[in-house]
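Just below sit the structures, each encoded as structure tokens.
Here subunit A shows up in two complexes: once beside subunit B, once beside subunit C.
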Partner chain A sequence: MTHALRVLRTGALLEARNVITSNFMLFCVFVQPFFIGVTVMFMLRHRPDFDPVYVVVGTALSGIWSAVLFEGNWIIGGERRVGTLELLVASPTPLLLAIGGRLAGSMGFSVSSVALAYVIVAWLFGAPIRLADAPGFALSTLLAVFALWCTGMLLAPLGVLARTISRFVVILEYPVYALSGFLFPILLLPGWTNPISLALPPFWAAQAMHMTSSGEAWALPLAAVWAILLGTGLTALLISVPLFSAVLRRARVAGTLSLT
Partner chain B sequence: MQAIELDHVRRIFRTSIGTLRRHTKEVVALDDVSLDVAAGELFGLIGPNGAGKTTTVKILTTLLIPTDGRATVLGHDVVADTRFVRRNVGFLFGGERGLYFRVSGRANLEYFAELYALPPRGIAKRVDELLALVGLSDRGAERVEGYSRGMKQRLHLARTLLHDPPVLFLDEPTIGLDPIGARDLRETIERLRERGKTIVLTTHYMFEADALCGRIAVISGGRIVAGGTPAELKRHVRDLSVVELELFGAPDDLTSRLRAIDGVDSVVVERRELRQVFRVQTADGERAVPRLLGVVGQVDVGRVSVREATLEDAYVRLVGRVE
Partner chain C sequence: MIASARLLVVSSIFTYRALFSWLNPASYVAEKMLFPVVQMTFFALLGKYGAAQPLDFYLVGNALLVAYQATFTVANAVGDERWQGTLQYVVASPANRAIVFFGRGVGHALDGTLTIVVAFLIALLYGLDLSHANVAGLAAAIFVASFSATAFGLFLGAAAYLVLDANFLANLAMFVLLLLTGTNVPLSDLPPFLSPVSQILPLTRSVAAARMLATGGAFADAIPLIAQDVVIGALWGVAGLVLFGWLEVQARRRGTLEGF
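And now, the complex of A and B:
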């Protein structure tokens, strides 16, 4: 157990140092959320029901989600391209842990989207930011990051198993913003999409974070939202376990762990 | 029990060719290969490009599953018991890939130390030791992207040895090293063998195989075509000596004309810009020289020498690849 945690930590630190120099990750975590945040502020700030903290949370989530989606989808292919995938596979540590640590590193880095979103809304637009339930928000953020990490862990083997689909993963970026209600309530969407929303960990992440920051009540109590958030995350993680095995088995049969 | 056993191992790769009308093509990388390596032995695997050396190593390091047959390391099946095998083998694939470029050499090693579950307290010390062993002590803190090719290669060796595995696979470890670096590495390999490690070495440098290996298998087209100690392999060319002719501007058909001469066993050419070196294996030794020069004709002749056959000559004869 402690070994697993050490692998996750070392992998995360290695990856965090790695992504700081990656232009693409900087784009996902800073540039794109910046434009989203600024645009939404211009659109919404004069409306009577405008809530600046809603924009902070939504903008930050968009940054974290982009990081999860792209990193999760590319991470195994990236290791293969660099030539490290074989080294990871041939080590006695399960690949899932190695990949998990790396993904945690880029996610940890992506949480800085929260600070960026705060700066945009509070400093650039001078909107007042108040957290309705600060400790609740902290816990919601923690659970949200964990559940999104689990989602990334599910995307990682899928990125290899469904290679054709994974090439078009970019198109998943915006629908999930919408379906998860990062910036606009899903009530604005057609009713048939609601079941999809309810199955997505990012949706529950957004719910928990919005509820504790804006302080608005919702159909379910906060504790239930947390439980479902954790549940959807763990489900994604559980599904990922056999998928990782399938990836490894297939690669060792087909000889696709390396490029050479 | 042998340290390493391959028992009738076959490995087939399916690759798809063609862009629009795709069809699959089968490549037989290993065709019924059986071999044993004893504990503490330094075993050489030599053979031409595409012979199946790396495939063999990858099967033994659990990276590939054999299509047929069985392979074991220290008595443990490489497919069924991957955990044991992975803990007990270290491997090095020659080349520059397989490192995290944006972080330091030390960070790379520390990460793999965790993956190999080294005791946490000992990691810093172990990494220091290995950086010193491969001569990177004063460069370990720098990012790998600034390393030269040889430095990356040496970092790989350090990674290979991190967990002090009893069985080592070194796939072309000296490729890209400068002569002194390569000699140092050969000494390191020698010392590892003295410490009782079982080592499988693949190389294209015959003198390296000759100097280091206790036993060698020659593999070609996925089959083992010969095996034994370097001395036993050289016995394949015991009766032959080698005449080396250095020529300037030899015509293309000279090889076949030389081969046609009575008593000539094989001819290989090494072509450099203006100079060609013909290596002629013959039982006649220096007595063959006048006949050879007679065929050469009007071409400028440089150095002519006659020497005993080496492992490389044995290899050329066994593999039968003539250019």
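And now, the complex of A and C:
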């Protein structure tokens, strides 16, 4: 257990140093959410029921999701590109832990988009920000980050196992914003998309954070939303385990990790 | 004259075929076609939720904004020549630099026109009403938007030699265009200090012209807007050529072709 935590911590610290000098990650976490936040403020502020905290939460989630999506998809491919994947799969440390630590580092960095979103709305637009349930919001954010990390862990092996699919990952950015109700309710979407929304950890993450920040009641109580958020995240993590095994099998048994 | 025309055609074709990193079916469909469509869908839904403007306002604006794809592809094609290993051949070649430089954009501008048309077709499925549209005028606005966005990309590609990251610049440009060209936020809603920036960007006038023509406005009324976008695009293209020429002189003088 101590060993696992040490691997996770080392991976996270290493990755944090890596991403703060990555133009692409800086773009995902700061530049893109800045423009999305400002654009959305201009687009939504005329609504009679407009709540600025809704934009703060949605903008922050957009930054975190972009980091999860791209980093998750490229994280193993990046190891392959720089020639360290072979060393990783040959080491006795589980690949899942090594990658999980790195992804946690990116996630920790991406959470700074919450602060950025706050600055945009409160400082740039002078809109009052009030959290209806601050402790609840803090817990929701923690659970959301965990569930999104789990989602990233599912994307990571897919990035090398199914490279054609991974090329389409870029188009999952905006659909997940929409399907998860980051910045507008999913009621605007066709009814047939609702089951997809309900299966996505980001949807439950947005639900929990919106409920605790704005104080609005929803069809389910907050505790149930937290439980489902945790459940969907853990499901994604469980699905990722055999996928990581498949990556290792390709590397050690088939010897085709660098060829696919 | 014939030699110049031939050089333009050859430069266009070879740039498109050899320096276009998305020129394979999966990447082309995902990055060039689907990504702009999902982005258009997201902002149209967001606009519908904000209800500050009619849905057609967002559909026409975002369908035309798809022109930024040409900005993106050509900026990368020009900016990445150093990494692709073709820059030294361009610099050493006695070919007319202006023809080679502008030839970089022709294929992408034509391809960009196709992408915008696809976006408009998708927008029709979302309920865009073009029953009274001036189709010929709208086609002209689309064509000009694609070419002026491409010219902007030529400038960004040249600028990328200074900042070393064409991808970052092109992504940044996409969000600037999204916010400041009137696509999602009416120009009158933006703070006055941003107005000069809006006015020098490509697409600002094409978007306005397309909205006018989509609702049946007379082509003659839209011509000044379209003509101004032609001029703006041409100025960005020439600025890119001048910058590229200056960088070339500096690189020759200092022997820093691989590092300026």
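Brief remarks on what is shown
By definition in this document, the second predicted complex is superposed on the first by the 253 of 260 C-alpha atoms of A that agree within 3 Å, B and C clash if a C-alpha of one lies under 4 Å from a C-alpha of the other, contacts with A are read in each partner's own complex, and residues count from 1 in each chain.
By definition in this document, contacts are C-beta pairs under 8 Å (C-beta built on N, C-alpha and C of every residue); 3 or more make two chains touch, one makes a residue touch a chain.
Everything numeric in this text was worked out from a predicted model, so none of it was measured.
Three-chain overlay on subunit A, with subunit B and subunit C fitting side by side and no clash. Of the two partner chains, subunit B is the only one that A:252 touches; subunit C does not reach it. Touch criterion met: A:31 reaches subunit C, while subunit B stays clear of it. Look at A:23: by the touch rule set out above, it reaches subunit C but stays clear of subunit B. Judged by the touch definition given at the top, the superposed model places A:43 against subunit C, while subunit B stays out of reach.
When the two structures are aligned on the shared chain, A:93 is found in touch with subunit B, with no touch to subunit C. Vectors from the Cα centre of subunit A to those of subunit B and subunit C enclose 90° in the overlay, to the nearest 10. When both complexes are overlaid on chain A, the residue A:52 reaches neither subunit B nor subunit C. Look at A:174: by the touch rule set out above, it reaches subunit C but stays clear of subunit B. In the superposed model, A:136 lies in contact with neither subunit B nor subunit C. By the touch criterion defined above, A:183 reaches subunit C but does not reach subunit B. Taking every C-alpha of subunit B against every C-alpha of subunit C after the fit on chain A, the minimum distance is 11 Å. On subunit A, the surface touched by subunit B in one complex and the surface touched by subunit C in the other have no residue in common. Listed in rising order, the residues of subunit A touching subunit C in the complex are 23-24, 27, 31-32, 35-36, 38-40, 42-47, 164, 167-168, 170-171, 173-175, 177-178, 183-185, 188-189. Subunit B contributes residues 13-14, 54, 58, 61-65, 83, 86-87, 89, 91, 93, 95, 97-103, 107, 110-112, 114-117, 120, 159 to its touches with subunit A in the complex. Listed in rising order, the residues of subunit A touching subunit B in the complex are 3, 6-7, 10-11, 14, 17-18, 21, 82-84, 86-93, 98, 249, 252-255, 257-258, 260. The part of subunit C that touches subunit A in the complex is made up of residues 26-27, 30-31, 34-35, 38-39, 41-43, 45-52, 165, 167-168, 171-172, 175-176, 178-179, 184-185, 189-190.
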